[in-house]
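Heads up: the structure comes next, in structure tokens.
The chains carry the letters A, B, C and D, assigned in the order they are written, with residues numbered from 1 in each.
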Amino acid sequence: MNLAAEAHQASGVAGAAWLLLVLPAVGAAVLLLGGRRTDKWGHLLGSGTVIAAFVYGVILFFDTKSLPAEGRVANLHVFDWISVNSLDVEFGLRIDPLSLTFVLLITGVGSLIHIYSIGYMSDDRDRRRFFAYLNLFVSAMLLLVLGNSFVTLYFGWEGVGLASYLLIGWYQGKNFAATAAKKAFLMNRVGDVGLALAIFLMFKNIGSTQYDVVFAEIGKQSTGVVVAIGILLLLGACGKSGQFPLQAWLPDAMAGPTPVSALIHAATMVTAGVYLIARSSPLYSLPQAEDARFVVMIIGAVTLVIGCIIGCAYDDFKKVLAYSTVSQIGYMILAVGLGPAGYALGILHLLTHGFFKAGLFLGAGSVMHGMNDEGDIRRLGGLARKMPITFVTWTLGYLALIGFPFLSGYFSKDAIIAAAFGAHGTRGWVFGGIALLGAGLTAFYMTRLLILVFLGKPRWENLKSEDGRAYHPHESGPTMTIPMIILAVGSVAGGAILSGLLPAWLEPSVGELVETHGPLNHTVVSILTVGISLIGAAIAFAIFGRREQPVTRPQRVSFPVRAARADLYGNHLNEALFSRPGVWLTRFLVFVDNRGVDGLVNGIAAGLGGSSGRLRRLQTGFVRSYALSMLGGSILVIAALLMVRFA
Amino acid sequence: MTSGTGSWLLAALLLVPLVGAAVVTALRGNDHTAKLAALAFSVVEFALAIASWVNFKPDGARLQQAFSFDWIPAFGVHISFAVDGIALVMIAVIGLLVPLVIGAGWADKLPEGRTKGGFFGLILLEQALTVGVFAATDVFLFYVLFEIMLIPMYFLIGSYGGARRQYAAVKFFLYSFLGGLIMLASVIGCYVMAGDELGKGTFDWATLVRVVHDAPLGTQIWLFLGFFIAFAVKAPLVPLHTWLPDATAEAPIGVAVLLVGILDKVGTFGFLRYLLPMFPAASKELAPLVLVLAVIGVIYGSLLATGQRDMKRFLAYVSIAHFGFIALGIFAFSSQSLTGSVTYMINHSIATGMLILVVGMVISRGGSTRVADYGGMAKLTPVLAAMLLIAGLSSMSLPGTNSFISEFLVLIGSFPNAPVYTIIATVGMVLAALYVLWLYQRIMQGPVRGDALIGAGGGPGTAIAPELGAKKAIADLNTREKAVLAPLLLLIVALGLFPKPVLDVVTPTVNATMCEAQLVDPVQSAEERPQCQ
Amino acid sequence: MTPTYYLLLSALLFTIGAVGVLVRRNAIVVFMCVELMLNAVNLSLVTFARINGSLSGQIMAFFVMVVAAAEVVIGLAIIMSIFRTRRTASVDDSNLLKY
Amino acid sequence: MSVISSVLLLAQEQAPLPVPSDTKVQAPSLGAVWPVLIVLGAACLGVLLEALLPRHLRWSTQVVLSLLAVVGAGIALVAYVSDAPAAGELAMKGTLAIDRPGLFLWGTLLALALGAVLLIADRSVEPGGAFVASAAIRPGTLQDRAQVTSTGMQTEVFPLTLFALGGMMTFCVANDLLTMFVALEVLSLPLYLMCGLARRRRLLSQESAVKYFLLGAFASAFFLYGVALLYGYAGSVRLSDISSAAAGTDRSDTLLFAGMGLLVIGLLFKASVGPFHTWTPDVYQGAPTPVTAFMAACTKVAAFGGILRVLQVAFESTQWEWRGVLWGVAIVSMVIGAVLGLTQTDVKRMIAYSSVAHAGFLLIGSIALTEKGLSGTLFYLLTYGFTTLAAFGVISLVRDSSGEATHLSQWAGLAKRSPLLAGVFTFLLLALAGIPLTSGFVGKFVVFEAAIADGMAPLVVVALIASAVAAFFYLRVIVLMYFSEPAADGPTVTVPGAFTTAAITLGVLVTLLLGLAPAFALDWAGSGAFAIH
């Protein structure tokens, strides 16, 4: 499957695709350089540029759609970026169905969340800067998906990392926010190293980093190279998408404002890993890449389970959603790991997930907005009556997520589960089983959320928030509710529409969707899934719905719960393996540098000085000792001379 | 003899700062006029540098704008200068940095009895000498300037520096001087060798390259080591680096910029201009040694940076890590890595230069160099915070900043020839993020804290923003400071997005160097491969 | 008897003189030991003149004597001045200059 | 007693020496020896004047006479050089070999002596000059306290200087060992006396005289014994005869090498090469500074002139036996000088140890028995002489109530008191350290170049490291002068009169000139080899 051949030079509408990057970038630049002057209209400019980008994206989409399938991959050369002899990295864009899909997702959800933020951030004195960062993010994310080489992708890749760093650390007056931001950036960098090394390997073996060249040549490479590249790319994907073993940063990232969590840490950025693997489908589809694909599937499966388990134990509204995100991305990674059978499904789930997870987050934001930023679900409850719109939209998102029949999750997730069963041999059973189990757990923890937040008694009534205010829950304003409604609609209908169109549309980018026929056919799988989900939900009801819940989390709990509350000890592991040894090593090296290396230097100096101080004592001032030293010297010299001559 | 109009440009480049130094020193009675004069001269110098860049023909001769006079006929020593692509860009960077340094030091308080005139005079003198070092094409002349260069710097550190300035100045001088003397042995060795070959000794670089570079390996290795030690001290490679933290910590900010941004580059420049072309065999033979030192430098410098309590020492160790990358690129022997190293030299001057200047502005506000004395400063000085972050991002070589181009080139170019070293060095990327964000968090983020910002009692004092409890009115960047940082900021972004102008100038020289060093690219592109004549 | 003995004798005298310089304190005596060394040299000069059968060695001996005389003049002058200052001629007493 | 030495000197000039039959008898050419005759003649005249003139006229007369003598000798030298045979010629029945190196040394000696005489003659720094009014006065007595402030002066110093100078000039060109011995005494005896003639700190001065005298006599005994043994070996003391004897090896080498050893030791003592340097620090410190300057500059020149001639003419053929030993001596000397210099607290002692280190460097050049070695060493002598002369001139200016303030602690912050003096002294120290653009660097360069060309690279590396170590104590003084705060009761810097100014200016100018444009001097130094007859 050679995708390179068809790439033709972009022209017409596509010729202006650079606008997609420039519009939000300009917005960001103006807002950042303009300073306080732009406070009044900053948020409008920010949102405006993104909406403009969205509009252009839509036009571009239909323009491309009008082309015949094989003509839908366009290449836009913007300028020569890094060019040294044999290394030639052009700054170019690749406009094809895959990137366009993401463009629409990013700019679409992006626009909604910009609008939402206008209301959400209304009382922040730096709202302008917030919008600047959001624009920066959108621009970088678009570069990530539009770039036509792995280096441009890397550019966007780290660009979104920076944006997410800035936004997670938005409340930088608070230490935990700053730390969370730093953690996110560092763990991403670990992934980036993998990506970078993959790029180096490509240059070494193929001599280029442009998609078309690489994909054209990769087939000729040895298994070792292909697998290495595949796994290194996966490492990058794990960093960005919060996959095992680099998942720990994503929950902490919830320290940022809720719109950020919705846009970056649910809908778009964290799915970049899925994009990367789907984009590299020509590589992963190779027969040499078998092992790489297997590793991808394992990572996906492991992550989705971890995500679910931890999600069941958390009491923080947003963190539960975050772990839900982790596990859902696990599904996507699992899907793209399946190869040709899964790329399209992964992307499909990515899109639907983008809708409902963004909606869920916005709902959470709206709840916290009305509840003095209270995020502990044990202090919430019975909010359904207080904020009906939020409740309804959130519930729709919830149903979509747990795969309620004919909502979007039902089409995307079930398809992935079915495809997982489709993997040949025992793998099918294993991965299918895991995916199925995940569905049950998902239903469980989401239902728990629903109950604890919206149903049951209002536990907050006789409580006060940290800043000592009483809670007066209220529905949010239109700028916040409208995006929620739109997303809700999307999460209801999205799956039904997309599942039909997407595979065909993506074909030019990821190849056609291979129908796999596992031991269980599709209907059986979906019945199973729905059944398991219902069971999960029922259990949740049984535990949380009927009994009154304490306001503080119970401490005497079984080991599994404790483990889950401790992120299954993921952070402890990082602590033990990296941070603490790192600190020790640093202390040790500082010591070595001061005492050892520099000590040696100063030691030599001191040694010279000391010996000098001692030797000068030989200059006693007595003539006779001088004469003695002369005589000694003379004897030595003469003896030496005679020895040289005669010995 | 001279060749073309360029020669006059180069001559002017050498003379203007010299004259400037004399004039400014003469004017030291009146600080204000002295400052203005210094600024004027440095700006003229910068204009000249640009002009000589424009005049330079990338696809032209190996050495351009050349001129030469006899100096000591008895030894065939000439005063001959010329520039190639590498020297050209370095001279341009010097031209850029000096006005900014002068601008940054505009309002600094000098120690008792020191004058701005003397200070800026020395800086201009240093500039003239460094330009000379980069442009010299006579090895003897190069050595002479290489050593002379120490003296103004010695006085800059020793007379205008901090508490332990004497120790730092002497340490700096002795380290470099010893290195230089060892190099002298090799210089003489080459001269003698040329004498045996040609009957009459010469110091002309081009001739020496021809003569020395097919000498027996054993000889080459000794000569190589002589040069190498001198250069390794200058561009501090672990374990010869310990003078840099002291020097940087004690030097005034502007001087620290010159030290790290320009002086140290002489070492890496020497690798490129002298080691590779003159001792190809030895370079290949000893490359593993240098690579090991380079990689150690990357990791070691990064880790130590995170372990520092003093901001200026932190900067020194950051640079040590960066010099590790540069050395790695040079001794990985591919045109990409070499080009990467050269651009790294420039970008490091710009990025770290900016970082140092910004830190200097932090220090001038807080009055302390200890990291622990700061915290949450972003609330008080958002613009300053942004500048620190941007400079930091550039020195962790984030894509979109100038440093990314060079680090990427170094690594991708080094990978084919030295995969293991490259992989280890890539870990440095993570550590770089670690130390930059560590510093930013400590100084800028979190609640406002630290003796430098809040009264030692910790209680909130009178402040521009009392609700933040800052001790004294800590103002954000003023116009002068913004003006100083703006050009660097611009370059960081511009060169990050569009490095072509620099690459086009550097690459031909790098290719020529590759040819002289008898190296071939590990990754050759089918159509255009550089031709050696 | 062969002239070699004279050479040995002169070597012996020279050594005695050298050792004397090392062990004696009185400046005058030290100086005398130096004179002894010079005269030891004279002896060997003469002996060599004999061995080589040329006169120049003996003439040189005269030169040496003259020079020695001159040295005496200067030396005594210096030692005297020291003695008049310190009321002692011990070379060990004058060690202000050291280290 | 000066009369005696003059008599003795005349004696040696007509000394008929048995001329070996095989050499052709030459026409006695006085033209060649005029310079020596003028100097010695003037010396004798000076002695007479001392006897005849009234006290108040002596100083002026003697000064004029000495200056005239030196200048006249210089003119005579120039006049002769213009038409001197390139190969050199013998004079005084072959006792003197007037050849190019000899003439170069003469020129150097005369030029240095001019400066020294100026320093000696100076009365501005101290009323009545640096010399005691009457050596007969006992130190510590009332008259002594009176003479300190009196304007009287022991004007015999001038004829003594001339005698010493004459001796040195003869020493450089002596063609046989006896002449060399006599010349050695003629240059030493006056110096012994001059050391004891300080006006202040007379105890130290007299002590230095005693030490110098006793050790000098001791050393000359060694020298003489060496002469005797060599006479026994070769049957002649003519240098050329010794070398021809050494070439044909039927004699006992014991005599040869024992004799050579003793002879060289005598010479090394004069040149204050370690381990025969022990007298140097004490005498340099105790002697009146002008005399120290004269000794440090001229004696070194003369001594190394002798060493060069002896090694190159007499022992050239046996160099492979003795070279290794002198390697060792050179190393010992450099190490002693560099290391012991580190902890000196007295400027004059410090310069003394530096002179020991420099003696080591000079020895390196001297044992490279090539034209380059010869010319290099000659040039080095020239540069070193002027630099050290000027240095002592400067030292004589820094004074407090009790005379010269030579303790280093008193030099703290001198740059603030007198920038000019500090600048000049810094320049001279840098020259001693061998920083480029000073004569010191060129000197080191030519010597090391010769050594490496003659296959002594390891020795050169040791030398380079030694000079790096030595650089530390020069730097220490600079640090003191510039970077430390002046002591409250610090010394004052007297404004020098015309004489001292002239001497210092001469030294500094030559140091600078030979640093910037050494070409012409190098040509002179390299204009010819020793005459071998």
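In the analysis below, a residue touches a chain if its C-beta (ideal position, glycine included) is under 8 Å from a C-beta of that chain, and two chains touch if they have at least 3 such contacts.
All values derive from a computational prediction rather than experimental measurement.
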{"item": "Most remote chain, CA-based centroid, reference being chain A", "value": "C"}
{"item": "Between B-D and C-D, the pair joined by more C-beta contacts", "value": "C-D"}
{"item": "Interchain centroid distance [CA atoms averaged], chain C/chain D, Å", "value": "25"}
{"item": "Chain B and chain D: spacing of chain centres that average the CA atoms, whole Å", "value": "46"}
{"item": "Interchain centroid distance [CA atoms averaged], chain A/chain B, Å", "value": "36"}
{"item": "Separation of mean Cα positions, chain C and chain A [Å, integer]", "value": "96"}
{"item": "Where chain A touches two or more other chains at once, by residue number", "value": "616, 619, 621, 623, 627"}
{"item": "Multi-chain contact residues (two or more partners), chain B", "value": "none"}
{"item": "Residues within chain C bordering two or more other chains", "value": "18, 21, 30, 91, 94-98"}
{"item": "Interchain pairs in contact, sorted by label", "value": "A-B, A-C, A-D, B-D, C-D"}
{"item": "Contact set on chain A toward chain B in their complex", "value": "32, 79-88, 91, 151, 154-155, 157-159, 162, 165, 169, 172-175, 177-179, 181-182, 185-186, 189-190, 192-193, 196-197, 199-201, 203-204, 207, 582, 585-587, 589-590, 593, 597-598, 601"}
{"item": "Chain A-facing residues of chain B, complex", "value": "171, 238-239, 241-242, 300, 303-304, 306-308, 335-336, 339-340, 376, 378-379, 386, 393, 398-400, 404-405, 408-409, 411-413, 415-416, 419, 422-423, 426-427, 429-430, 433-434, 437-438, 441, 444-447, 497-500, 503, 507, 510-511, 521-525, 528-530"}
{"item": "Residues of chain A defined as touching chain D within the complex", "value": "605, 608-609, 611-613, 615-616, 619, 621, 623, 625-627, 629-630, 632-634, 637-638, 640-642, 644-646"}
{"item": "Parts of chain D lying in touch with chain B, wherever the complex brings them together", "value": "416, 430, 435-437, 441-442, 445-446, 448-449, 452-453, 457, 460-461, 464-465, 467-468, 471-472, 475-476, 479, 482-484, 517-519, 522-523, 526"}
{"item": "Contacting residues of chain A [partner chain C, same complex]", "value": "616-617, 619-624, 627-628, 631"}
